[in-house]
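Here come two complexes built around chain A, the first alongside chain B, the second alongside chain C.
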Partner chain A sequence: MDSPCDSVIGDRDLLTEILLRLPVKQVIQCKCVCKKWSSLISNTKFPYSHTCRLYHKYNNNPPPTALLVQNFADTKAQRASIVPLHANDNNDNKMFFHLDLDGCNYRSSIMHSCNGLLLWNVIPTSQPGPTSEDSRACHFRIHNPAMSDDHCVYLDYPVGDVDSPYGDDIFEPFELKAYLVFEPLKQPLSYKVILFGQMDPSVIYYRRRVEFKVLNPRIEIRLYSSETCGWSEVICNLPDGLRVTEGVYCNAAIHWFRLDHDNSLYFDTNRLCFDKLLAVPSVDDSCVKYFGECRGRLHLILSDTLEFDIWELEEDYSSWVARYRVNLNRMHDGESALWWNVSSNPFSVLSFVHRQEEEEENSMLVLFKDGKIMSYSLEDYGLRVLCKVYRDEVPRSIHQYFETLLCVGNS
Partner chain B sequence: MSGISDTERMITLKTVEGTLFDVKSSIAKDLKTVQAFIDDSDDDVTSPIPLPNVFTRELSRILDYLNNHHRFRSGIEKADEEMARYDAEFAKSMSHEELKALILAANYLNVKDLLEFLNQTVADVIQNKSVEFVRNFFGIENDYTPEEEEKLRNENEWAFNGVEQD
Partner chain C sequence: MDKWPSSNRYSLKAALMINYNPVIPSLCLPFLDLLIEIMSIKEKWLSAWCIKPVGGALVRQEPEYILLALMGSPLKKIMLCSSEKEIFNVEEQVMVQHSVIINNMIEDGSYNHEESKIPLDCVDSKTLKKVIDYCTHHTHHQNDNQEDLEAWDAQFLNVDSNGLYDLLMAANYLEIRNLLDLIYGTIKNMIKGKKIDEIRRIFNIKDHGFTSEEEEQNRKEYPHFY
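Right, the complex of A and B next:
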């Protein structure tokens, strides 16, 4: 009897059905099986089908597969450490994402990670010596690090205000935050990049000693849309005293918590305007341990002690709900209980990953202490070291990463 | 069409080896290829329906699966657990060759739920296995040169981290 193997691969639909059920990493490995498989996987419909299936499984809000940690102090490393979040992954072989930068004429950093795509800010360093003809000015790059660099999108900075008395022709804010808006399930694939630029410094020094705090620095918002292939300036209801600081992206909006005494607000990237965000009752700055997003919900963690509350904002933004009470005294490392004899919380919270009951893995907190990034399970109180950073200062740039096969660049 | 209710009618199927199987029409509905044949026929189908691509071993397994699943679905609440246990045993009872043969038969007969289950089973088998294992499982020859393969692996280094060595 003829071996049925050939027939199974002969049927493209059957093979597609099997590959659709594999995780992203494995699908990429399968490109090496043979050229036919590589062509099937790279075919434009397959990545989209695969992503749809994956997202559908998690109700359109998949949990992150890893955290990307960038350390700006490390000048040589223009890359992000990948800290895997699955129980089975180990980070003994440290893995990194990095941009393929031509020579050392650029510095790069990740500004934002959205649904599997990374937004990098690439700035030429002022190196002495000749620059190659291909060298570009400041620009952004958007790419899926899981796929080849062919699919990278290059975005030049927008033009500065040509009418400005300062005569700028490039956009050069004192503070810049950039966000990528990418909703992978919409067809055709499109994306937006939103820039928040603080055009005045926060503080002006007079005669090198006297500090003047700039009360209302000029803020400019720029929007790039892949549909129009161009930058535009966003004119909207800028709140008074707005400063450009790290915001949290969630559901196509960027959120800032307690910008000043009781002003939390968010910027809606569809309506292109600001709105007030509901405050959590009776909170002061000393007890905010974490403000972040996971799977389409905003989370706030408040505490001074080893016991803290995790609050979640309702989907319609109508109220904050106390979701979990976590006691870090109940901790073990798989073998023995761990005790902390300090009354204040020695941990920094890097992330809160929320998982549903029916999912295999537990909800967890990603904590940092003594140069170690660890996961703390909210179900069984187990503490596991995910990766060692060998630095005492809390990593400043943390991004959630989602594996996907989708790209927005043309090959 | 006669007035006899569907659940009583029996359909006869004939495999490649000539073996005959009597199947309730309610089960035959899940064999969409067979059902299409029945629907297309003007008269009631009395003679055995030949299945030129399906062997006895496969048809027997498919009918076994369908009969059990029908039983689970029409039974009482606890069926989900039993069904899961049955499915696990069913998958384990087959060698890789048998699994592949069964997929082909289920594909030809268009048995949607079983096909879904078998595709998932194959995905589970090859999950976390090396590229070599996947090639062997499907009987595929590597048509990359060593240099091409090396280049592909280097480009996708991140994806190859942490794979089981078989």
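Right, the complex of A and C next:
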């Protein structure tokens, strides 16, 4: 007669229920416990049920568990640093995977992180030899870093416009920004990749070092859909003077703040067109500290002193609402209060993570100063060092990330 | 005998009839309901009667029971039979509130209060007693504050792991949602923060079923977990 433990573990439904309630990290650990558990988790329905449950718990917007930080200046290190947002004493939340992409033949950078999947831009640094397996030209990769690399999707760059008067047959923009649109709750799983390519440089230098600023650089937008498995060109109402800069992805739209003096706009990936974004009243460029997204809402942080104002855009884009006022003078590191005797703000804001009242963790600001990435809690004013980067420049490429079990590649 | 309210002549007659005539048990309660409806009897008059159905006859009792009776026979009991053939009497309302299976059985009328017992062949007496304990406490104390309830729950689940799994299977069979969530939460905490070898020990997994290459591959890929 089976012991009660064996009866419970032996019952597929009960075991599934137990595993469905675990966080992603524990589920991946359970994959390694025994073959039976591994096959149950790899069953195609399990990752989807698990993701639905997780999203339901957080009202369709799970909070990030880590930040992915990558410095473009650092050409040697291929790795991106993973900065867990909730470092506990017992290191329970240490990340269990690395972000290494095939060593020295490629220079890879994370373009976008969306709902647990990462979009990488991979550029070969030298001519790959005939023996190397992966002798591809520039391409994109989409993968779930928490699961093994078997489920990686490789996407070649789109071809240039052969018929264009400019004679591009290779897609080689001067500036490229790429975004991954992945909505995990829709079945069957599908994704889109949107590229914004600036085909003219921003500035042209003439013979006698005269600079000519290109007023209306040529912009091309390409869309890849997993349903059609192909690239297509997007023709839409391009605003004048649009430049390809870092945008913020939120709710299937890409937002750019104050592209030129008073135009904030966004690109809707469903309707494939541009629209104007509401401006924040009386904003001076110098005091915009941060424009980003968290859990489906856009946030804007303004300050010119140690006091921050955090604004949030309403869900229907109708108005900006002032959410928090943060005073960085009220800060302690767990033992004693910290004081800053500088009048100007020494901190850079990397991210703002918003938590609801029912959740255990507090809302926090992720700040950067003197080579250290720190989290500042808005509830108890505690400052905690998350990670040391040992560089003085503010990290440029920051992505919020949380783990998921879903993969889009074929196994 | 107390003074009957004079304005309720019909009720007085009915009361006398009930007390002095043998009445078929199953008619008692509906009869009382009918009286209430026709007469719109107020609370203080009920207290004058103090009648309660017990074993088929109507007997004088405390007013609270009358009011409770009017709200739908909570003191009606049902019989649950464990795998060891032991019978447990439980208030119907308690089980109906918590167990979806029992609720369905009662609602579709397949359960006859006078004769049936609900056989639960996969639940032993010890576990069944515990389950009944849980349901009873949560029904009677549902207005307590959250902390007290949580403390009681923690104390309730302070059992050895075999007992916990037995409870899980019973709660699953009877479909008691909040007990299930509670037990799953406890199991989740058992796994949290443990290494793989410990997890294998906790769940008594002697043979993990991986080939030695697979096991080595896993160890290389996720050294944190071991």
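The definition used in the following text is that the second predicted complex is superposed on the first by the 381 of 411 C-alpha atoms of A that agree within 3 Å, B and C clash if a C-alpha of one lies under 4 Å from a C-alpha of the other, contacts with A are read in each partner's own complex, and residues count from 1 in each chain.
Here, a contact is a pair of C-beta atoms (placed from the backbone, for glycine too) under 8 Å apart; a residue touches a chain by one contact, two chains touch by 3 or more.
Being a predicted model, the structure only gives us computed values, none of them experimental.
Superimposing the complexes on chain A yields a three-chain arrangement in which chain B and chain C clash. Once the two complexes are overlaid on the shared chain, A:P145 sits against chain B while remaining clear of chain C. When the shared chain is aligned, no partner comes close enough to touch A:T305: not chain B, not chain C. Set against each other, chain B and chain C touch different numbers of residues in chain A, with B touching more. In the superposed pair of complexes, A:N270 makes contact with neither chain B nor chain C.
In the superposition on chain A, A:S232 contacts neither chain B nor chain C.
Of the two partner chains placed by the overlay, only chain B lies in contact with A:I82; chain C stays clear of it.
Within the superposed three-chain model, A:N216 lies out of touch with both chain B and chain C [touch as defined at top]. In the superposition on chain A, contact of A:L22 is made with both chain B and chain C. Residue overlap on chain A between the chain B contacts of one complex and the chain C contacts of the other covers 3-9, 11, 14, 17-18, 21-22, 26, 28-30, 32-36, 38, 90, 97, 148. The touching residues of chain A, when paired with chain B in their complex, are 1, 3-9, 11, 14, 17-19, 21-26, 28-38, 82, 89-90, 93, 95, 97, 145-146, 148. Across the complex, chain A meets chain C through its residues 3-9, 11, 14, 17-18, 21-22, 26, 28-30, 32-36, 38, 90, 92, 94, 96-97, 148.
Contacts from chain C toward chain A in the complex involve residues 161-163, 165-166, 168-169, 172, 180, 184-185, 187-188, 191-193, 196, 199-200, 203-205, 207-210, 218, 221-222, 224-226.
Note for the complex: chain B touches chain A at residues 55, 97, 100-101, 103-104, 107, 115, 119-120, 122-123, 126-128, 131, 134-135, 138-144, 149, 152-153, 155-163.
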